[in-house]
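So that you can tell them apart, the chains are marked A, B, C, D and E in the order they are listed, and the count of residues begins at 1 in each.
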Amino acid sequence: SCGGGETPTTPTATGAATGAATPAATGAATPDAKPTAAPAASNLTGNVTIDGSSTVAPVSKAVAEDFAKANPGVKVPVGTSGTGGGFKKFCAGDTDISNASRPIKKAEAEDCKKNGVEFVELPIAIDGLTVVVNKENTWAKCLTVAELNTMWSPDSEGKITNWNQIRPDFPSEPLALFGAGADSGTFDYFTEAINKKSKVSRKDFQPSEDDNLTIKGVQGNKGGLGFFGVAYFEENAKTLTAVEIDGGKGCVAPTAENINNGTYAPLSRPLFIYVSKKSLARPEVKAFVDFYFKDIKVVKEVGYIPLPEAALPKILERVSAVKTGSTFMDAPAGVPIAELLAKDLK
Amino acid sequence: MNASDSQSAEKQSVLVAENVNVFYSSNSPAVAGVSLEILKNQITAFIGPSGCGKSTILRCFNRLNDLIEGCRVKGSITFNGIDLYDPKVDAVAVRRHIGMVFQRPNPFPKSIFENIAFGPRINGFKGSKNDMADLVEKSLRSAAIWDEVKDKLNESGLALSGGQQQRLCIARAIAVEPQVILMDEPCSALDPISTLRIEELMQELKQKYTLVIVTHNMQQASRSADMTAFFNTELSDSGKRMGKLVEIDRTSVIFSSPKQTATEEYISGRFG
Amino acid sequence: MNASDSQSAEKQSVLVAENVNVFYSSNSPAVAGVSLEILKNQITAFIGPSGCGKSTILRCFNRLNDLIEGCRVKGSITFNGIDLYDPKVDAVAVRRHIGMVFQRPNPFPKSIFENIAFGPRINGFKGSKNDMADLVEKSLRSAAIWDEVKDKLNESGLALSGGQQQRLCIARAIAVEPQVILMDEPCSALDPISTLRIEELMQELKQKYTLVIVTHNMQQASRSADMTAFFNTELSDSGKRMGKLVEIDRTSVIFSSPKQTATEEYISGRFG
Amino acid sequence: MSNPEGDSLDIYQRADRNIRESLIGYALLFCACVSVLTTIAIVYVLASETINFFGKVSVGEFLFGKTLNNGQYTCTWSPQFADKNFCVWPTVNGTFIVAILAMLVATPLGLATAIYLTEYASPRISKILRPAIELLAGVPTVVYGYFALTFVTPILAKIIPGLSGFNALSAGLVMGVMIIPTIASVSTDAMTAVPRALREAAYGLGSTKKEVATNVVFPAALSGICAAIILGISRAVGETMIVAIAAGQRPVLTLDPRQTVGTMTAYIAQVAKGDSRVGSVEYQALFAVGMTLFLITLALNIISKQISKRFQETYE
Amino acid sequence: MNNQNLDALGLSEGQSSDSKFDPKLESRQMWGKIFAYFCVFATLLGLIVLAFLIFDVVGDGSSRLNTAMLTQYPSRRPLEAGYRAAILGTFWMLAYVLLLVVPLGVSSAIYLEEYAPKNWFTELIELNIYNLAGIPSIIYGLLGLGLFVRGLYSGRSVIVTGILTITLLILPPVIVISREAIRAVPQSVRQASYGVGATKWQTIRHHVLPAALPGILTAVIISSSRGIGETAPIVVLGAGTVLFDPKASPINFGALFSGRFGDVFTDTLWSNDNFFSVLPYQIYEWVGDAKADFQTLASAGIVVLLVLVLGMNLIAIFLRNKVS
């Protein structure tokens, strides 16, 4: 947030941890190890400071929460300054890890270089947005990106107010739009995908920082339409209907599979953490990053789509070999993750 | 009634108290066993040391004590023969007929005109706007303050001097045409000159109204009153302090040859 | 000094006021041109109508007026020859030597013992715990209240009756061994019986202390005081009201053959 | 004539005591100055970012909106959108809609409460009731916000067609309840300060209780009551959580209480919780809005203080 | 005795022979009654709403009103989450706020009431405090953000920033109410004290403060209960919602006693990684969470907060009634 700069997740001991210290930097732990089930107190100490995207923050916070149980001596504050704000601090050497809901930009990478900050780029999950409508809405099963654009474009403000203006065979039903608050990453992303430019949108929709309130709004409004993270939809699937999206290749439902293989476009994107090379040399940071990928299933719990199985080894290799640089920088949308991971770092 | 004078028989009693006891929350009365009569078109003065219950009895006459939580009145008080404490009697109506002037002048923080007009208005004055203006003038004249305020009827009543304020309050009481005006130490907050004016005024008012005044100032009582009642504090059997009426008689009698020694001692300044 | 009596020359003056003017914030004095002497081991009474400056002058004697914002004193007041308003003089120390008893009894909301012990303690009483207990007892005895409170020294001073509270306040004043005790209408909030007790007490106290009392009650002045000062309100040239000392003399003279007509009028009740 | 006593009088100044006393005085003064420093700090913090803000956005646009190239006048508040507009009125509008609704609830109820407590209730009852009512002011506002959103809005939605899920109405009503104690308490004080003598005078003329309350006590306490109402407005204007939770976050120029509105405080809370970068114009807009809010409430407080001061002078 | 008076006293309303006046007693008394009922209703309404509010919240949160909720740290899983960190944060904050507010507030009140000469400067302080008391809490949030978070702690919202912000926030009301308590001490008590030769400070210390103490305590308790219920400034400061180290104190005693003097101030309240969370903010976070279980938890948290805040208010009321 702009406020604190860092909304911290500072896991510490609960005093409940038992068992021997886990060797920290092995990176070869059994993939199935349940960190929550068998907490083992390490004697690592120090801080791992994380800042950046508020979209990614829930994942990092969740990992930090689990990490804390095993590592009572390490504090992991997770701030949410936004991706850009996070990189600014990261490239100034203020933070160890930067959360990002988009790849680093060239200008930011140059900034880092100037300050001697080398980084390891690690995709961690894929974010997909669901567009939802009211249960009683029987007409809008699938919407094209163009139609969504009609709904949300700034030019529609005050003009497009009925479903029958979207498609002539839709019934006459007032259109009630609900969306993420204008100060959230989700909003930026949705507008970029639908209206082609971040933060470009009509303003007469019902904004809310809390997805929960969007859910309530659509539930209570026959002509309601809203959007939020795929995972939140799953929890409310009984009371809401997800719309299929036609991004030019036919109607695609927001399922994990479709998101993973890149067909649910344009409403999906990869999420990252960027780790400073210098920090990675510190045992507590290394332990945390290793833990991150052991604990990576939290991604689903938090509401995102896990990376394709195939991609994971490549990512772990980046960590263990401390491969710095980016392959995602300036990549066009829709390229599968595995492909990008394979490219040369620059 | 204690008055021994034959004259009093001719006079009409407006208010009659019989064996009145007043209680403030506690079970022992603050004032006990008071019986007296207030004669029409006379000035009756209540004197006595502080705390002996003069104000308490006075306020029983227009049921102002009703407003004090826990205050109860036993015994009977009649007004022109009607029992004032009859449940059917409305205290609000009583107070219109038995007006009151207080120790400290207490004009409303409104214009002089409004101060006077307030009473008639709430009591459903029937006249026109002009009638009201006439009534205000008449009341102010009766209170001998018209000449001083006639040019500033729209100014605040609070802008007047203490003595003028007190006369304004008297005018306010007169405006609703009461039969009795009760005055609780009306001059104690005033300077000697204002005091004299009020005393003169009382003499005029008694032509039309019946007056009861409480005063600490024995000179005032002897100068102004026709009748004087002397109250004193006594200890009850249970050791509680309690106000009693010691005697009531024509003022000249009280001040020259009182029957009770307590009265004489008080009058001559041996205590109080 | 106005006192014509030859006796006064023999008596020692404890406090001497010369041409004292007291100002409250405004530029015209509230009291002007007061010159008088307070004689040792005598009771001096200040009488006069309300607002004439009795309290004001009294409070100048122990510099209690210092606490009133904007209050200034002109002229000189000496205490045993020392100018009380000399900048080198500490008002706090003055008040120890010139004690004060107020109109309304004002015990501290603490135990009776603490009420008395407070003064000695802050004034650096050197004795042991027992000495303090003795001092408390002595003070309470001097104020003629020991018998009534000796069994409840730890109870709150506020639990006493008005008259007892006032004697407690006198005991408290005595405990710091002042030379002069100022009393501002000490009995005006008390009943006649308590008043008489205080008056008797004053007679005893004057053996050891010098007393100055303000009173509204002329009977009290004539009964108790050796000297009486009569104050009155006059209009200054600019039309402002202003307190003046009219005359001071032996009480018998003031009450039988005052020099000033204003005094006579006041005494005889023709105003006030 | 003077004849000094045998034992010397220690009535002269003592340096040690004087030093101690004046040190204490200065220490206390220092503490009192903390509040002055607070004000200076508030003004400094708000002003410095506000000045940065006005380096990017003109004061004219902030206060009056702007005229687009096509000659169309617009006044919208959308710092977080790509199409940034910085006309503050919609947020002020939202703030005042909710505040007015709240005052419509709080003023009659608060005053009636005050009248009940001073004129009708026995001292014993009013001693119990007054703090009980003041408890309402002690309830954390996040609780009220939650209550408005999850309890009041659903009920209102059943009665009022076209009610938005977030709306000024429900926030205003609940805020009104929150403000009742402020108004009741300050006006109770004002009415209690009306001398008993005035009431007795009116009773003495044959007034009923209601007439005394409304025709004498109420006007006599009027300036104190005005001060209470203005203080209530100031509370309403500054309240954050109720509006942030229940009124929505969309600043629009509307007078319809069923609509979603965005208040100044809600904007501040939203941006503070959001992702705006330090130094970005939307971040600085936060402080500009804060400054506006500060000035509005300051003005209200000063007016209220002036009025109640005049009132006190009447009765002291 | 005479009929005119019978009419006049309201015994036979309707056929009044009163020439000039028509008092219409019956209708006036009726309106008086209606008005009185309205006033009673208004007074009770607030309390009814409060009852509904409590009822509503307790109903919503009942399934989570257990000790686990108090002892668990926050978690992304609602059923494992609890308010331990927030409660500890709230208590730590309250403790240190009191430590700062009591001396500062009471000293200011004493200065203004007993020492301050009447001049422009005192008047300025007075007006200033009055105005500060009326400034919205969110502005204090901005102050704390600019001064403490961005200034003192270079962008980190640690517990000290919260403590300082809330202290400044509740200082003005504490001063205002304490002043009233001090002013309520009768002048006669002061005069009595001066009269026996006490200095100003002795008078204040021995008489004024003890007498004003219950009032001052009330001021402090009521204001600090407001302080710990404040959400807006904490939101602006950007407090955390996850964890708080309950060991944090202003001094690292472990380091102090084991002689590691360099570490005495690390890992303490003043250190810059002591992030914090407080109850109302944690509630606000969970109210807005999509998971329904979190809303139940939020309601349960509200119950805890209400118990805490209303409990403090009740203590204050009790204190106030005990003296008056």
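Heads up, the rule we're going with is that a residue touches a chain if its C-beta (ideal position, glycine included) is under 8 Å from a C-beta of that chain, and two chains touch if they have at least 3 such contacts.
This is a predicted model, so every value here is computed, not measured.
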What's the minimum number of touch steps needed to get from subunit A to subunit C?
2
Ranked by contacting C-beta pairs, which pair of chains comes out on top?
D-E
Only C-alpha atoms count here: how many degrees separate subunit B from subunit C in terms of the superposing rotation, rounded to the nearest 5?
175
Using CA atom averages as chain centres, what separation in Å is found between subunit A and subunit D?
40
Intercentroid distance (Cα basis), subunit E paired with subunit D, Å:
15
Between subunit B and subunit C, tell me the centre distance in angstrom, where each centre is the average of that chain's C-alpha atoms.
36
Between subunit A and subunit B, tell me the centre distance in angstrom, where each centre is the average of that chain's C-alpha atoms.
86
Which positions in subunit E are in touch with at least two other chains?
23, 28-29, 141, 145, 150, 155, 199, 235-236, 238, 287-288
Shared-interface residues of subunit B (touching two or more other chains) are 92-94, 96-97, 122-123, 176
Give me the residue numbers in subunit D that touch at least two other chains, ranges are fine.
17, 206, 208, 211, 272-273, 278, 286
Flag every residue of subunit B that touches subunit D in the complex, lowest number first.
62, 64, 67, 69, 92-97, 99-100, 102, 104, 106-110, 118-119, 122-123, 158, 169, 172-173, 176
Subunit D contacts subunit B in the complex at 122-123, 195, 197-208, 211, 215-216, 219-220, 314
Using the touch rule from the top, collect the residues of subunit E that touch subunit C in their complex.
117-118, 186, 188-199, 202, 206-207, 210-211
Using the touch rule from the top, collect the residues of subunit E that touch subunit A in their complex.
73, 75-77, 141, 145, 149-150, 155-157, 235-245, 273, 275, 287-292, 295
Going by the contact rule set out above, which residues of subunit D touch subunit C in the complex?
1-5, 9-14, 17-18
